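Each of the next two complexes has chain A plus one more chain, namely chain B in the first and chain C in the second.
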Partner chain A sequence: MTRITIDGRDLEVEPGTTVLDAVRALGGSVPTLCFDERQAPFGACRVCLVGADGAPGPIPACTTPCRDGMVIDTHDETARRVATAVVELVLSELPEPPAEHTELAAVARALDVGEPRWPGAQHDGDHDERHPYLAFQHELCISCGRCVRACEEVQGAFALTATGRGFTANVAAGLDAGFLDSACVSCGACADTCPTDAITELSLLTPVHPRPA
Partner chain B sequence: MPDRFDTDVTTTCGYCGVGCRLEAHARDGRIVSISPALDGPANRGHTCLKGRFAHQFTRSRERLTAPLIREGGGFRPATWEEAITRIASEFGRIKAQHGPDAIAGLASSRATNEDCYAMQRLMRAAIGTNNIDNCSRVCHSPTSFAMRRAFGLSGATGGFSDIDFADAAIVIGANATEGHPVAGARIKQAALRGMKLVTVDPRRIELADYGALHLSPRPGTNAAVMLGLANVIARDGFVDGDYLAERTEGFEAVEELIALYPPDVVEGISGIPARDLEAAAHIYAEADDASLVWGLGVTEHRYGSEVVQLICNLALMTGKVGRPGSALLPLRGQNNVQGSSDMGALPDTYTQYRSVADEEVARAFEVRWGVPLSRENGLKIPEMFDAAVGGELKAMYIFGEDVAQTDPDTKHVVHALKSLEFLVCQDIFETETTKYADVILPASSFLEKTGTFTNAERRIQLVRPAIEPPGAARTDFDIITTLSRALGHDMGFETPEDAMREIADLTPHFAGVTYERIGRRGLQWPVAQDGTDSPILYGERFHLPGGRGRFAALPYKEPGDAADEEFPLILVTGRRLQHYNAGTMTRRTANLQLLDSDWLEIHPDDARRLGVADGAPVKVRSRVGHIQIEARLTERIEPGHVFTAFHFPEIRTNLLVGASADVNTSCPEYKVIAVAVQPVADRAGVPTLTAAAG
Partner chain C sequence: MPYQSPRRPGSNNLVELVRRHHAEGAPTALQVLKDAMERRGEITDDDRRVAAERSRMPEAAVHGVSTFYDDLLAPRGERHVRVCTGTACFAATGGAHVDRLGDGLGLQLGERRADRSVSLAETVCLGFCHSAPAVRDGDTIDAGPGVVDRVLADQARPALEPQWRSVLGEPVLIRPGDWSGLTRALRELTPEALLDDVKAANVRGRGGAGFPAGSKWELARKAAGEQKFIVANGDEGDPGSYIDKYLMERNPALLLEGMALAGYAVGADHGFVLCRSEYPLSKPALEAAVERAHADGLLGVDILGSGFSFDITIVEGAGSYVVGEETALLACLQGLRGTVSARPPYPAQHGVHGLPTVVNNVETLCNIPFVALRGAEAYQALSPGATAGSKLVCFNERFQRPGIHEVRFGTTTRALCEDLGGGLIDGRSIKAVQIGGPLGGILPASQLDTPFDFDELAAVGCMVGHGGIVAFDDETNMRDVARHLLRFGAHESCGKCFPCRIGLRRAHEMFAAEARVDRERLEALLETLELGSLCAHGGGMPAPIRSLLTHFTDELELA
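Let's turn to the complex of A and B:
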């Protein structure tokens, strides 16, 4: 067993347990954005940063395995400052604040991120509603990669691809052919994991769903 | 967070037998979204396009919302009182004139355990006959029969998590990524992680692309393939002698028999190259833990039940059963195929597959129900239709099953339905079958009822209503118990939970089952009095007298149908991802936009020879019927074979299926049908029912 200390509380965990799992086992919480328990930890978003004694800087809780004697501070000031700045930057690219039910909105609330301080370029609306159930709202994509990984690791359809770089980074089905003309099997795992509604259910966008003929 | 939904209810999916746990979100009395439950044991936060999206059917305008009574050439709406009175008086009359065995009932593998239990109690106690069966007759009855013979219990030896622990798996006659998408995804992920996967199917199914090896047997030759695998396992020294001695009986006869099936002989029968057969046997036998997964491609054959026994032989020879990763997993077709039979909705058994002829068991039910019960086996589904045509069966009560579309030999089924004096159908839509009804009762979908389903892992899971049934429609449980009261037998059940209490009282394997214990995680039967359930069976002993697993020495026999000069191709039927069974639910959703017709898969070589163009309409003729359908060319099917699904009533694929059926269970041979395919001259010809029936 591995012994660690989290926010002053001692805990023994199985070797290989991540810091995030250990925090949650203690009933604590660390905000996450690119993490989904159905997928392998990815460690891309830097929102789950925590302080670790002796480490040169904050470490991502989702990908870091617990080491014997580790001392973790989930309220570490630097970690919180970086995570907050990351979320603020993410929000600054969106044309409107994320819908309240989304995970991104919940993370912003948890980190107390308000109106972004950086008015910069924002994404224009870019919707694809050709699929009977699944809709893209590309302007809401934050390139967390969760949908792409859900498609690969949960379903195994390999229909989604990360596209573009920097500000134009986004997600596409197939070679941007849309869900219908890709390898998509319409399982909806992407919409289920998306933290921003960049991929969502069409029925949740239109209040009254048309009845089938 | 603002409420996007009025209610969120955790329930169990009513589509396939995987048993995904779902969160159903409703607003204004309608389902607006369904998401997978993160803690669902079988689905672990995932589901497919049927479970997640195909809920529009619940609010279709075509839902039955009032009882209908036949009048003149059509139906008129009626009150529940009138409909129930009419049924009670007709059943009463027929029972008085012809005896209780002139009436038969069908429970539904889509309905809950409690619905099915109430239905068999109605037939046995209120009517007085064992003429009760359910649609697992036409899908997995051979699995149930064979697993009871080989191991003792009618169910998977483990669960879907075994796929995660297996080093190798053989998937036989199951197109899991389409028929059981969440299990299919799990198998695919395991293969991507390095599990050695062997697929056995006449078509090159999607999973074959992710496997180590694909075997394409001629339809109907599975027995030879299993015997050949056993031959190689024995020949190359993979038999687990200790396991054989301590845990099994009957291997000697099998040893003699399998010697007759060396790989080259099996190649001659099945068309599978000898070296591929050898490689497959080695993949299975050399793995520390390996599982065997099968579907209807194994069971829906003349000797389907024998092939399942031969599959069980492989596990017994190698000792690969009863531990994580070494499981035998039949993929059940409908959501409650397992449960409907567990509940005794079968002509020969009460709950837990206990014979109706067993005095002790029958007496226990007699005491509880307060009526004398028949010790004679009732009629199986195909026998019911024969008896109807023969005039001995006068009335049927069919609930949640569209026999006129899904059962084989459609013309015979229709003839049977027309021959009945009185037919009651209970369904959520009008179907091909309700056309012949005298009374139609409007029932409820899985999203509108309370109860339990039992998935392919023997896991009993809760079903909770997320919405109300439309109009005057009622839950099946309510209808069946009301009708039973009208027939003079009050079951005394207020709720489905009351029925489960009675089931637990009268069924040792359900002894510890309560709704509270089922909770969010379910219970895998057998469930002891103290609530301990059984995720893995047979770790110590088999559920047979003496505790030993039984080998079966069953030779390969030719299927019920074979290609000849007049019918040179073999048709195999199956499912598509987007639709479910007869399509009554999924065709009433936007899944129709994803896939709007059945088509015939044909190899380009055959198509060229027959002058069939890709996308052109063809006429498919079998010995018993013919249909018209669009042909599509694909190399995923072997030359000499063709394939189609049966989701669309306008095609009516089952017109082609004859009376050939499993020798032990009467499960129809949907998978081997000799046919002739010819182009239809008129390209504008749209497949129609008239053309098909003409």
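Let's turn to the complex of A and C:
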């Protein structure tokens, strides 16, 4: 049995339980961006960083398994500072602020992210609007991988992939000719999990950004 | 009742596809795409569809692979010229060779002439750091003074290979591999006894992290499962390092022997070497050595009548620095995008095809035959009072005697640079050295008396890393060094974790602009990279920048 202390409260967990699972089991919360509880943890966004006694630096809650005797501080100052800076970096790559209703906007509000200290290159507009139900605004993609994993792990369609590398990383459907020419089965799992409105479901949501005529 | 987390599917569906298709003999998507590039000089959607069909992978996944690796991106003409932009070449010319070559050919990096006759691409690094700058023209790697003129005159000639020597009376790593360690182990040692010897010898990983090899082996040995693998990490991407290159090309038998020993100790019957495409001679040399070993009964079924069977497959990468990280290496080996995965699970439990796998650096594995033959005590004695064993270091072209040297740990960096390297050429003096690759700190001349060992270098913000020693001479502009390193870091980020994907781009932008760099904002960004990144790439790229901030503050044009 594994015993863990989170923000002063003790919890017994099954081996293999992640720190994030344990935080949530206690009713606590840690902000996340690349995490979706329907998918295996990914560890890309680094927004779920928390403090752990004895660790040389903050640890990602989503991919770290609980170890017996672990003491976790979800309010650790260094962890919050780094997580906030990461979200600040994310906002700096987008050509416009995220729509209010998105998960990204909510995380930025929760962390009280200010004006980006590191302005720089942003992603160019690139829209796929040929599919009847799904639209993709690539410049809003933050490469969190949730859509790709939803397509692989939940739907099993393998219609999406991460593309490029470094700052130019993005997501493509099929051979990058859009949803319509991919193995997409129009299930909408990608749009459902997208934290930024990069992928939206046209029949259910009014597009936040007006589509060009 | 203890809390039980909700069950989630594993994110290894692609790995499971690869495992099934490998068992049926299908090539990986990366192999098919590399072949298409070799044949036709570019990759079209038709090539991607063929790759998807032959590898039996989803089209989207194949597309993702085709947009990740450098080798698959730059279009190739009938004559494909690749210019090295590694740190040793930068230290030699400040980057002037890249501009002169581009101007002379009338091409930007990554361009091909409209008539497809000539193309120019960037590559990091060709491993001819002893004779920088280096250019690969077709299959010929030329290097050293006059190289740009020769390439422009279409008269490239093969560059000379570096010297290598040992300070040890009886060399460990540069003696030709003769399989005596494996022969002894199969006759006299149980797998458990060999594992105990490797643990007692305290063989630390030579790839950068310094993790004890014996611990990795033990984890993999204890992991459940009948089939296990040994992977030799030959993705020596550190610009300025050409150590594994020469182990793989000149002493491949020693590596193969080390891998077979690892297999014997761990209970694995198959190994893979992942070598680099930037080293075109590595794969043929390794394959020839595997063939010889087969002919001699040293690889294959029932080796030397011991009942132990082990075979080795050689796989070549496609241009990506981060593939040197072990989870990215395994992804590349399986033909997938070379991105990093969070650990746990560790490769020892979940490696090639999801099965227990030991990943060791090439040089690490080359240490094992000595341990198997002579035992832990003899190994410890190689570097008295310091890290066990010996280490290969290599010097860049700025030194009087560049080349590869086998040294004892604990030697001062000054003794390495001055006694072995002979100091610098052209009457220049050392301004600073970068040790162990682009993620290593930069040691100013004033700290050259620091002993070359893990803890001592770490105490001054540096590392042993992979053992490459790149000297910057007194004419070097250290702001240019920062810009050079961050350009490399941003280009090579795998793009998975947010701090590295965006943060290295921002750090490079700060130094690429003409403006002064705001120190406070820079340091906040470095902290975000150091503490937030998923792997050592984003986490380590700040180290040399921190060194420059400490030792060359005035040269960085800070605000």
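FYI, the second predicted complex is superposed on the first by the 202 of 213 C-alpha atoms of A that agree within 3 Å, B and C clash if a C-alpha of one lies under 4 Å from a C-alpha of the other, contacts with A are read in each partner's own complex, and residues count from 1 in each chain.
Here, a residue touches a chain if its C-beta (ideal position, glycine included) is under 8 Å from a C-beta of that chain, and two chains touch if they have at least 3 such contacts.
Owing to the predicted nature of the structure, the values given are computational and were not obtained by experimental measurement.
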- Message: For A:R165, using the defined touch cut-off, is the partner it touches chain B, chain C, both, or neither? Pick first, second, both or neither.
- Response: second
- Message: Let me test your reading of the model: by the given contact rule, A:G156 touches which partner, first (chain B), second (chain C), both or neither?
- Response: both
- In the superposed arrangement, does A:E37 touch chain B (first), chain C (second), both or neither? both
- Message: Quick check for you: in the superposed arrangement, does A:L111 touch first (chain B), second (chain C), both or neither?
- Response: neither
- More residues of chain A in touch with chain C or with chain B? C
- Query: Which partner does A:S186 contact after superposing on A: first (chain B), second (chain C), both, neither?
  - Reply: first
- Please work out whether A:E201 is in contact with chain B alone, chain C alone, both, or neither, and reply first, second, both or neither. first
- Contacts of A:V90 with chain B and chain C, given as first, second, both or neither: second
- Could you look at A:V71 and tell me whether it touches chain B, chain C, both or neither (first, second, both, neither)? neither
- Message: On the A-aligned overlay, A:A55 touches which partner chain: chain B = first, chain C = second, or both, or neither?
- Response: neither
- Message: Quick check on my understanding: which residues of chain A belong to both its chain B contact set and its chain C contact set?
- Response: 37-38, 153-154, 156
- Listed in rising order, chain A residues that touch chain B in their complex are 37-38, 100-101, 106, 132-133, 153-156, 180, 185-189, 192, 201, 203-204, 209, 211-212
- Residue positions on chain B within touch of chain A in the complex are 1-2, 4, 32-33, 35-36, 38, 44-49, 52-53, 56-57, 59-61, 177, 181, 185, 188-189, 192, 210, 577-578, 588-594
- Note on the structure: Per the touch rule, the chain C residues reaching chain A in their complex are 2-6, 8-11, 13-14, 45, 48-49, 58-61, 63-64, 67-68, 320, 337, 339, 341-342, 344, 490-499, 501-506, 509-510, 521, 524-525, 527-528, 530-534
- Task: Please give the residue numbers of chain A that touch chain C in the complex, ascending.
- Result: 1-2, 11-14, 16-18, 21-22, 25, 33, 37-47, 49, 57-58, 60, 63, 65, 78, 81-83, 85-86, 89-90, 92-93, 117-118, 120-121, 142-143, 145, 149, 152-154, 156, 158-169, 172-177, 182-183
